[in-house]
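Next up: some structures, all given as structure tokens.
Here come two complexes built around subunit A, the first alongside subunit B, the second alongside subunit C.
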Partner chain A sequence: MRFDFVEPVVFALLAFGVIGAGAAVVLLNRVTASALLMALSFLCMAGMFVLLGAETIAAFQVLIYVGAITVLIIFGVQFTKQGGDRSYALFFQKQYPLAAALVAAVAIPVVLFAFSFNAPTPQPGGGDIRPLATSVFTDFAFAFEVASVLLLAAMVGAIVLTQRDEPPDGMRRRR
Partner chain B sequence: MPVGPFGLDPLIWGPLRLVIAVALALFLVLNGALLQIYLERKIQAIIQDRLGPYHVGPFGLLQTFADAIKLIAKEDVRARATDPWFFLAAPALVFCPMLASWVVLPFAQDIVGADLNIGLLYLTTLGSMTVLGIVIAGWASNNKYALVGGLRSAGQLISYEIPQILALVSVALVVGSLSMVDITRSQPGPLVNVLVLPLSFVIYFIAALAETNRTPFDLPEAESELVAGWLTEYSGMRWGTMLALSEYGNVTVVSSIVTTLWFGGWQGPGVDAVPILGVLWFTLKVYGVIVVMMWIRATLPRLRIDQLMTFCWLGLIPLALLNILVVAVLALAFPDTKIPIAIASWVLLLAFIAGIPFVQRRRLASLRARASASAVRAAS
Partner chain C sequence: MTVPLSFYVAVSAGLFFIGCAGVLTRRNAVVILMCVELMLNAANLALVAFSRRFGAVDERGSVFVIFVFVIAAAEVAVGLAIVLSAYRNRPVIDVDEIHQMKG
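Right, the complex of A and B next:
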């Protein structure tokens, strides 16, 4: 008995998850639901990476995008004021031709580009953490360091922005 | 035709092995939760000079089974104003990552679901997904206590993830692998990693207490102030899945990580002769760690939320970063021996423990000075 059919089926499910959840993120009315479905989309994308044999990338995808960024967005949504359920679907309602034209303008070149090259055969899974680490710290060391400086600057900026001016003594809040 | 184990076709053996592994993990999660609730009640009872459960079954052993049957038989209640899809999805989102973590736990030699070469990364990844389920549960409940509990939990879990991962990194630096099996194999005999890296063990253990919502870090549910936090609206088996199964399952996973990384996993006397003995050693070590967690729960009071955050961001994270720096430098400088790392790690740990009273005294002094200054101003 052959199990060759499993991989296309899994791919189809994941692709449906990525695209369906992505479309729902844009079309749904509620911001929180959009944020959560975005996490689903990220998860399905991580599944794609596993199919390609890149487990490390998949793990980082889940760790960073599902575990950190989605939670950050949900925090942002819940800490900011919501004017009830705003109908984001209204954005498209009277402008279907324009929306379709824009989507086509982006999608057709992307599809053409995607079909223009042959995909390399996927590597067998596993064993990709050492090559990844080696290439990050040798070939891409400069980019890696620049990215870390950028993150450091962002961190310092966040601390400066959120720091309250010290109130005069006595008015100080209980910490 | 290639023949796999038990004379089966490998193509059939592969899926069959997966089914067996998942069934075993489920079995262990369900029964482990029952056993750990019983242990928790008994240990707390002993510490607090009570009897604990003793009516149902011998020594009250069947009490938790009776509770579980009660939970399953309960009516499935859902408030009307909750968000139906997310309310129903949240328990699964909390439960599934926990169950998936069991895949990489090495119970004994060759008894492991999958020996991923990114095992540690996989475990941290799944740990970070739990946050999402908890936040969804808090939000979908449409209840202020649940929402506050969920947000508190998210803040706590995200904060304590950082020292947790940093502590794991120092082990990976010393061992040179992320695979749980390789890490176990790297510590044969009595020289386990806890003797080499005691500081990272302490950091990981404290962070793990917070990650699994154990006292003194059980703020997300905090029965006395938040009724039950993000679990407020849940009842019956949904509550049972979220609280009992997922939390105790996570406790077991975390204890297994501690056992594998710092206490030699399934290694122990007689394992080379009888490999199946590894299961016994692994279980004994895991339950040793769990019992320590329960002992802590019965001993320490709950922290305040700002103390919790201050301790993580001003205490644990700088310490974990310092630990990584020292371990990385020493591992590069002395690639052949672990002794310098062990000495440095013990010195840092002792300095950390000895430093706590000084930091605490200075903090208290500044708080008192502030309080008396404001009192003087109010009086004048």
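Right, the complex of A and C next:
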């Protein structure tokens, strides 16, 4: 007995999770619920990576997106007072139909065009950590170092931006 | 039966437009950051899908996904720091109310 139907069914469930949770992030008015649904969308995306055979990327997705970035955003939500988000738009203040037509005019052809791609043969499975590590540490070694410097700069920048600018006690006494 | 590549690309495009609509319509700065993360994730899905279905033995596309992870982490850290420092200056989270730097 073949289980050919399993992969399309799993893909359909994951696609529903990704798209549904993403739409809920945009449509819901409660910011904490949006943050948790964003985590659900990221988790379904990790399942899609597993389905594609990119297990390492899926592990990183769970660690970085579902773990770190979601926690960071939930902290951001908790640190700020969330009044109800006013529901009118940023750019299209009163032109919802026009905006919807414009977005649909771009989005629908693009999604239809996306359906026209087809691939010759899927890659054989069996883990992607070895080719990934080989690429990162040979061809992309310089980019890897630049990325680490970028992370350091972002860390220092976040600390500088959020620290209180009150002078320390010794400085204050001198004034 | 494997799922065709086109379905992955379609899901990626759909999620990208959902995130784009969120960035354009929502007012809450934290929600805008979340929608940017959704768009980055949609691009990741397209990169991984094309890399797995078209790629040679080395995973070039997946390497770019790693770098997108790094950029996303840096972006959300600095973005939230800016939101928090602006919030400390004046306690609003609505991006239309934050107009001190408007010319």
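The definition used in the following text is that the second predicted complex is superposed on the first by the 133 of 175 C-alpha atoms of A that agree within 3 Å, B and C clash if a C-alpha of one lies under 4 Å from a C-alpha of the other, contacts with A are read in each partner's own complex, and residues count from 1 in each chain.
One rule holds for everything that comes next: contacts are C-beta pairs under 8 Å (C-beta built on N, C-alpha and C of every residue); 3 or more make two chains touch, one makes a residue touch a chain.
Note that the coordinates shown come from a computational prediction; the quantities given were computed from them, not determined experimentally.
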Could you look at A:56 and tell me whether it touches subunit B, subunit C, both or neither (first, second, both, neither)?
both
May I ask you to decide whether A:22 touches subunit B, subunit C, both, or neither, giving the answer as first, second, both or neither?
second
More residues of subunit A are touched by which chain, subunit B or subunit C?
C
Tell me which partner A:33 touches in the superposition: subunit B (first), subunit C (second), both or neither.
first
On the A-aligned overlay, A:78 touches which partner chain: subunit B = first, subunit C = second, or both, or neither?
first
Of the two partner chains, subunit B (first) and subunit C (second), which one does A:68 touch, if any: first, second, both, or neither?
both
So subunit A touches subunit B in one structure and subunit C in the other; where do those two contact lists coincide?
56, 60, 68, 75
Which positions of subunit C touch subunit A when the two form their complex?
1-15, 17-22, 24-28, 30-31, 33-35, 37-38, 41, 44-45, 48-49, 51-55, 57-60, 62-63, 65-67, 69-78, 80-85, 87, 91, 93-96
The answer for subunit B against subunit A in the complex is residues 9, 11-12, 86, 116-118, 121-122, 124-126, 128-129, 131-132, 135-136, 139, 147, 151, 154, 158, 161, 178, 306, 370, 373-374, 377-378
So, in the complex, the side of subunit A touching subunit C is made of residues 4-5, 7-8, 11, 15, 18-19, 22-23, 25-26, 31, 34-35, 38, 41-42, 45, 48-49, 51-54, 56-57, 60-61, 64-65, 68-69, 72-73, 75-77, 79-83, 85-86, 88-92, 99, 103, 106-107, 110-111, 114-123, 128, 131-132, 134-136, 139-140, 143, 147, 150-151, 153-155, 157-159, 161-162
The residues of subunit A that touch subunit B in their complex are 1-3, 32-33, 36, 39, 55-56, 59-60, 62-63, 66-68, 70-71, 74-75, 78, 126-127, 129, 169-170, 172, 175
